[in-house]
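Structure first, commentary second.
Chains here go by letter, A, B, C and D, matching the order in which they are written, and residues are numbered from 1 within each.
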Amino acid sequence: MAGYTDTKQEHQRRLRRIEGQIRGLQRMVEDDKYCIDILTQVSAANSALQSFAIALLEEHMAHCVAEATRKGGAEAQAKVKEAADAIARLVRS
Amino acid sequence: MAGYTDTKQEHQRRLRRIEGQIRGLQRMVEDDKYCIDILTQVSAANSALQSFAIALLEEHMAHCVAEATRKGGAEAQAKVKEAADAIARLVRS
Amino acid sequence: MAGYTDTKQEHQRRLRRIEGQIRGLQRMVEDDKYCIDILTQVSAANSALQSFAIALLEEHMAHCVAEATRKGGAEAQAKVKEAADAIARLVRS
Amino acid sequence: MAGYTDTKQEHQRRLRRIEGQIRGLQRMVEDDKYCIDILTQVSAANSALQSFAIALLEEHMAHCVAEATRKGGAEAQAKVKEAADAIARLVRS
């Protein structure tokens, strides 16, 4: 798929940044940093994870769901249902 | 669209139930109910609103987004982007 | 409690505004408004509900939790646990 | 503070588990795993981060906020406001 490698590298960059945030949280706990500052960093990591999820979901809708809906039928319906369930899990996590 | 009227009635039923939950919250505040019980009811109303949104989104993907992706091109991309942005707003609200 | 009546009126104002948003959603569904516009309104209602919950929680911490922690002991611990559980439900709803 | 070391170790255990989930996500992206499976793992990491935050917040309310409210006055109010703001950021992240 054209451009796929770029997207994959962008995803990895995001995930490495999030891994860095989690390691930053470990250092903050280790150094007895103030709770509220740790919570602010947790919110930042959560937002970064959600942004990664939204980017992935957009890609998934543009490719997998779009392909399934072009074919139509039960497969299309199943793909849309599967995406909606994934969104519901995200919204609630 | 076949079945559309049923879906619309189901949406209205959900929204009337949520309206009832909001009025229930007004009575709880009026009657000085315990904060934690009010918060539990807020969580229930929020979940109900999110479920309504997911149902609407599933329908939107199955119809509008699917139709746009069948045609392809810039319109398809725009519809997918628009849906992803709506999901991002939901996740963050 | 000084100022309590004002707070109660402010809560009721917020809840009436949210009730108005839910009725607005019913009209949007009735008039077959565009899905994405309905979802934007759902996000707004969700945010308003969350803001109401945070205001209530702040009050609860400033009064009930503070009073319990002044007394200390098992009652204090129970109040803090109860508030943390309510926050967990909010975060996940 | 009695028991503090245990709590700190428990926090570090949670954060290392979350770091493992993030590295798992990197492998899933690397191996071109199915989007929906990656999203499920994102939701799990998000929930784990939220649970860590709630545990931290409970501790913060039981110690820092409780201590401030025992003293009372402007400091108490400021601590409660600070905690409420942190909760608002969490709910929205």
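Criterion: contacts are C-beta pairs under 8 Å (C-beta built on N, C-alpha and C of every residue); 3 or more make two chains touch, one makes a residue touch a chain.
Every value quoted in this text rests on a predicted model; they were computed, and no experiment measured them.
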{"item": "Relative orientation of copies chain B and chain C, as a Cα rotation angle in degrees, nearest 5", "value": "180"}
{"item": "From the options C-D, B-C or A-D, the pair that copies A-B, where over half of the contact pairs coincide", "value": "C-D"}
{"item": "Chain D against chain A, contact positions shared by both copies (same if over half, else different)", "value": "same"}
{"item": "Where chain A and chain D are represented by their mean Cα positions, the distance between them in whole Å", "value": "18"}
{"item": "Between chain C and chain D, centroid-to-centroid distance (C-alpha), Å", "value": "21"}
{"item": "Approximate Å spacing (C-alpha centroids) for the pair chain A, chain C", "value": "27"}
{"item": "Chain A residues counted as touching two or more neighbouring chains", "value": "47, 50, 53, 57, 83, 90, 92-93"}
{"item": "Residues of chain A touching chain D in the complex", "value": "8, 11-12, 15-16, 18-19, 22-23, 25-26, 29-30, 35-36, 38-40, 42-47, 49-50, 52-53, 56-57, 59-60, 64, 82-83, 86, 89-90, 92-93"}
{"item": "Sites on chain A touched by chain B in the complex", "value": "47, 50-51, 53-54, 57-58, 61-62, 65-66, 69-70, 76-77, 80-81, 83-84, 87-88, 90-92"}
